[in-house]
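After this come two complexes, each holding subunit A, first together with subunit B and then together with subunit C.
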Partner chain A sequence: MASLLPFVPVSALLGFVLLALVPLRLRRGVVIGVGVGAAIVPALLMLPVGIVCVGGACETGAVVTILTIHVGQLAAQIAMSLDPLSVVAGITVAVVGALVMIYAGAYMSEEPVGDLRRFFAYMNLFLAGMLAVVLAADVLLLFLGWETIGLCSFFLIAYYTKRPKAVAAGTKALVTTRVADTMLLAGLMLLFLATGTTRFDGMLAGVGSIDAWHLAPIAGLIAIGALGKSAQIPFHTWLPSAMAGPTPVSALLHSATMVAAGVILLVRLAPLFAAVPEISACVAVLGLATAMLAALAALLQTDVKKLLAFSTMSQIGFMVLALGIGAPAAALAHFAIHAVFKSLLFLSAGIMSHGAHGDTGIEALRGSRRRQPLAFWTFAIGAAALAGLPLVTAGWYSKEAMLGAVLSSGLWGVPLWALAVAAVVLTGTYSFRVVFVAAGRGPDKSIAPWEGLAVWAPLVALAVLAVLSGFLVDALIRFDGGTPSELPWIATLLGAAAPLAGVALARHLVVYPQLLDQLRAKLRHRKVFRIDSLYYFILVRGFRKLSQVMAGPGGEQAIAPVLEAPPIDVVKLVAGDPIGRALVASATRLVKAVVAAFDPDRIDLLWMRFARALGRAWEHVHRIQTGRVRDQSLGLALGFAGLLLFAWGTSWR
Partner chain B sequence: MTGTALTGMMIVAAGLFATGVFGVLARRGILFQLIALEVALSGPALAFIAAGAYHGDAEGQGMFVLVLTLAAAEVAVGLALFLRIRRSKGSDDSDAVSGLKG
Partner chain C sequence: MALIALLLLPMFGGFAAYFLGSRRDADRWVSIASLAATLAILIVTVAGGDDGRWLAKVDLPWVPSFGISINFALDGLSAALIGIAAGLGIIGVMASWHEIKVDSGLFHACLCWTVSATIGVFLSFDLLVFAFFWEAQLIPSFMLIAVWGHGAKESAALKFLIFNAVAGFGLLAGVFGLASMADTMTFNAFTLAELKLSTPMQVWLLLGFSLAFLVKLSVPPFHAWLPDAHTLAPTAGSILLAGLLLKTGAYGLFRFSPMLFPDGLLVLAPYGIALGAAGALYGGVVACGQTDAKRLVAYTSVAHMCIVLMGVAAGVEYALAGAVVEMVAHSFSASALFLLIGALYERTQTRDLRELGGLQQSAPKFAAAFALFCSALLALPGTANFVGEALVVVGIFQVNWPFALLALSTLIVSVVYGTRLLKGVTFGAASPAVVRDLGWREIATVLTLAAGTIAVGLYPQSVIGLVGPALKAALVPHLP
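Our next item is the complex of A and B:
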């Protein structure tokens, strides 16, 4: 049954190829059918694999090799692994992906056919890439999928190509994650050089033999890559603006799956990070900081999608915290549960804002309980799971597992745990603020509601999962090789009280909304909340200025003559002061005697002459640049011949 | 296959390649340049086959199939470009597209 594994992403990939490359005009129904159908098949394929895995096949950690590339001594393999991590993450991604795509089939059905086709093509490509990431047993496949989902994220954020804001948000996400991805690539390459294999099992087995000075940069670079993809501080700025994409995109990519890819990578490489406690501590602190700051920021949002974006960052911050203190099993369990309830929240929020004429403001949702009871109640269930209401929701069990792991992690456990509990209170507040507002009395706007199985079935399925999967959390953690932690009763009680306190606070804030406005006004000028503009001022403007300086106004900086600085009449400045005048006079004499000898600077002159000579050389050289194909191929052939001669000459024995 | 035969084959392959490259450099019609490219590609392909036969290894033929695929892909792109150029410049003279002129 393990041999079924490589076929899981295939149907999604086929769906992409069919929708993107077949040069036929497809009808709307066909596009939706192909797009949704291709996304459901992976879920159907993952289920038997999961059943076999639970039946004991995962114990041996089977690896299915797809392709082996022999390069000299090295054999690079592209392979998929059948282990608890890949099965849990794979089932989560495939099931949530299938449900979101069913919903998307209804949500996007009014778009023009061409755009619809583009949408489903990218969504299917994304699903294939994401499945490759979670199932990969080697670095090659992981990185291939990693880049694919990054690219799809860009295309899907910028889906509304007519809105400049959406395109800018896509560019921002692409550039920010690219910085992190470069670090990840560097880290993975260093790891490859240190261990000599591309397979994860070989890499992790070789970790022990790498010395600490090499291991720290490797772990640091990989951690930066993972944090960038997961929108953790300091890369968190791209996620809120990524909400410019359609709602199903936000539900699948920017909450449930893609942003959690960093968590998956960290879980996969957990033994590597366990070997470098300093880096792990940094990761844990960054995760906790993100969890708290994003929770606070979510409290201040006025747009429900932005609020959910910040809550995603905050929840992933919890996972990263658990990873940093060495509890990958708890983090993975929360990943699965979070994917379920967060996509549920996005989908039901999408329906509620549709009922409010497409307005995503929180205030616009007022009265949704009357207008769309089912959407409201599923949103409330999702919010309860997000807040982690004790006993009844899945979110409580997984969050409790992570908090327990934090508390029992040693000396620093208690303060970290206290801060995390504070973040849990905030989580309860911001999630239930929306629920209370939506439950309030509002205008009875009449708009044709969405009906049909395709809208309600995913919502109900996700809502049921969000409640029932709580009973699976302990089993999930044991399955992933962790041990559910036993907590002192006082900690459990405090952990259970925190979300309830949050809900009470939310009620208070809804009754007295001016409190929130005051908080907002107070926090507006805090630096943490303006990192976005800070990045703009330092990085973007700096880069623009630098490129302007380098190129000059007409791009002729390289051959421009040296400008002479205008002389400042210093003597006049100190007129009437004998001591000052004497000082200045001696200084000018000194300048004349010493500095003038170097003016103009010989080295500088030489350098500039060289630069000007380059300009003249260009005058001559550009004549051979005829632009004709045959001349260029002659150059190509001569260059290759020269290289061959060089290679022959250097390898001559 | 003997060593002499291999040398002969290699000379033929080099000749084929040189003919092709000369064709690319000397012709101006895009279509003829494409044909010359095909001739040039067949040189290394022959060299692969000959070397594979000499060493008794099937990888030479594998590389030949790869070269064939490559040639087909290249022609597909090349012909599409040819059609575009015909349409936009109105001639099949490769010198007409000299947008990269310095």
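Our next item is the complex of A and C:
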């Protein structure tokens, strides 16, 4: 049954090939049918594999080799493995992917056929890449999938190719994750050179024999790669802008799959990180910081999609925190639960904003409860799971598992736990703020609501899962090789009270909306940390300037719209911030000083100057060639005299 | 004899094309026929070759008194490159079906002669004959640029010729210098490789050889000829320049520097890696600032060839395998991009990224092809380009990790220029509004190149296995 594994991503890949490469005109129905069908097959294949796995095949960790490549002594294998991680993550990705694609078939059906074909082609390729990432038993297949989803996310975020903002957001996502991916590649290469194999099992077995000085940079580089893909601080800036893509893209890429790839990688390599506690501690701190600050940022958003984007960052921050303190099983359980409720939130938010004439502002959703009751209630269920309302939602169980692991992780467990609980309060606040606003009385906008099984069935299925899968969490953790933690009752009580306190706070904020405005005014920068604008000013503009200057004057205007314009007036923002100002100024000066030397391809200019000098020399030399007899005889005489002198000199010694 | 046929078939094909002229496309068909026959003979020779290092060998005395002989040998490396040469020749003919109207007979003759001379370079092991073919390939390619190019074609062609001819003297001086060390008069590389030269002498001779190789490879600061020549050449000219001529530089480095000057290479290799790393970043950054699509691709060639240089200089197995795969990958992807941009120029009369756009709407097949090859350009795993770069970097990690990190950072730059080209051509509002989509001839060539890129990318064994023995011979001794 394990031999079924390679066919899981292949069926999605087949959908891509059919849609992208067959040079035939396809009708709209065929495009949707192929696109959605190719995405459903992986889910159907994954389920029997999962049953076999639960039946005991997983313990041996069967590995299916697909391809072997010989380079010298090395035999690099491309393989897939059947183990708890790949089965849990594989089923999650396949099922959520299938449901989102069914929804997408209805959501996107109004698009022109050519664009629709492109959309489904890239969605299928993306799904294939993500399945390759979760099923991979070796780094080659993992990195293949890893980069494929990166590139697909570029194409899908920039799906509306005529909107400069969408294109810029896609580029931003691709370039940012590529920077992190490069670090990951370096780390994987070093790990490969140190262990001499490309298979994960061999690599992890060889970790013990690497000394700490080599292991730390390897783990650090791999961690950066994972955090970059997972949009953790300081690589998070691409995720909020990525919401420029269509809603199904956000629901699949930026909730359940692509950003979760970093988590999958960290779980896969958990023994490596267990061997380097310093790096793990850094990972945990970054995860916690992201969980808290992204929750705060989500609270300040006015756009529901951006709010959900920040909430994804925050939730993945929780998972990264759990991974950092060494609880991969709890993190994996939360990954599965989060995938369910976050895609549910995106999909129902998409329907609610459709009812608001496509406006994704939170205020525009006011009155959704009357307009689209089913979408509203499924959103509310998703929000409850996100907030982690005790006992009734799945989110509570998986969150408790992670918090418990944090609390019992040693000396620093208590403060880390306290901060994480604070983030849980914020989570409850921001998620229920949307619910309360949407439940409020709003203007009656008459728009034809969406009907049909394809729209509702995924929502209902996901909502049921978001409630019921809570009972699976303990089993899931045991299945992944962890032990559900026993908490002191006071901690359980506080963990249960936190989301409720958050909901109460949300109610308060909705009743007194000016409080939120005051908070916004106080925090002023809505983009967390200004990192976004600092990146833009230092890195993007610096690089742009460098390439323009080095390429010569022609490049000046062309490159201008390459990346997003600064999101806020940075001059105003940095004013009164001497450190920030000094940073920007010194970086600008540095870049200017460096590039001044390269004014248009300077090397080329040097060569041309050399050529002109030769020409001038020739001007001088050709004056000798006068053609007059007396000049020529003078030359003859001088030359002869020179030769005589030379002969005399050599014979003289 | 098969090796002689490999050399002569395209040459006679060129003569036939010249004399038949363009009536009923006779010159095109005869060029394709001769190149296809070359390819067929190559395949038969490779398939029938024994498993040892050499698949076929020829050794005929030519000027025995001076020790000059026709000494041809074919191994996996030369076979791969000759296959690319003949294949790209055919693709070049198909790409210029509508572009070339004037003197089409002579054009196809020049194209075939370029291929023929390049095949001579890949086959020769008599250094004087090697140097002869090295110079000989300049003349037909000079003609291709100077006669059928665009814009300031004469000056671009002249720049190309001067740079390469002057650098050729380095090779010639090195060859004569090396031959003068032997007791008997010979230019046979196998015999000369047996000489035990002192390390300083090896360094000086290698510097002479490298001058020619590095200029042909267009490693900064010797790259200045390349952007002009590539941009202003006709499409077929750009394809041959990028796909073949650059590869001769890489081939020379790969073949002769470890064979003739192992100790000298050991001294110079770190500088080679450094030069390659700096050049790859330089080429990449300059590519990011280009507004001319073809010029952008030309500068990416600079960057990719620098990666090849790094791979050869690193001299470990992974890096050498990576260098070969990168050569093959670059031949496919750069040729395909030149072909696409050339086809676009035919339809829109512009290559300016600021004016182009919207192929996604106006010509979806065009846009899909661009998407694929831009992905190759930015080294997406699954394409041959990624395999090449990753293997080179793994090899450099074994030798010198700071340079490996530098080499990796080119991956970040590549994503910037890759998306820049892609966005400039396919995204945004359609401009011009109507563009004729790819025709069947273009689809066939693009699909061939795409199949090659992906096949090598997913199964690099196909190339690495073929060049295995040649690769063993190019290992730099004494390295970890």
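A few remarks follow.
Criterion: the second predicted complex is superposed on the first by the 540 of 653 C-alpha atoms of A that agree within 3 Å, B and C clash if a C-alpha of one lies under 4 Å from a C-alpha of the other, contacts with A are read in each partner's own complex, and residues count from 1 in each chain.
The working rule: contacts are C-beta pairs under 8 Å (C-beta built on N, C-alpha and C of every residue); 3 or more make two chains touch, one makes a residue touch a chain.
What you are looking at is a predicted structure, and each value in this text was computed from that prediction instead of being measured.
Comparing subunit B with subunit C, the partner in contact with more residues of subunit A is C. Shared-chain residue A:Pro373: touches no atom of subunit B or subunit C. Shared-chain residue A:Gly627: touches subunit B; no touch with subunit C.
Applying the stated contact rule after C-alpha superposition, one finds that A:Gly635 touches neither subunit B nor subunit C. Subunit A residues in contact with subunit B (one complex) as well as with subunit C (other complex) do not exist.
Of all residues in subunit B, those touching subunit A in their complex are 21, 24-28, 30, 33, 94-95, 97-102. Subunit A makes touch with subunit C in their complex at residues 20-21, 23, 67, 69-72, 114, 118, 140, 143-144, 146-148, 151, 154-155, 158, 161-162, 164, 167, 171, 174-175, 178-179, 181-182, 185-186, 189-190, 192-193, 543-544, 546-552, 554-555, 557-559, 562, 601, 603-604, 606-608, 611. Those residues of subunit A that touch subunit B in the complex are listed here as 621-630, 632-634, 637. Against subunit A, the residues of subunit C that register as touching in their complex are 162, 220-221, 223-224, 227, 282, 285-292, 299, 317-318, 321, 352-354, 358, 360-361, 364-365, 368, 371, 375, 378, 380-382, 386, 390-391, 393-394, 397-398, 404-405, 408-409, 411-412, 415-416, 419-420, 423-424, 426-429, 443, 458-461, 464-465.
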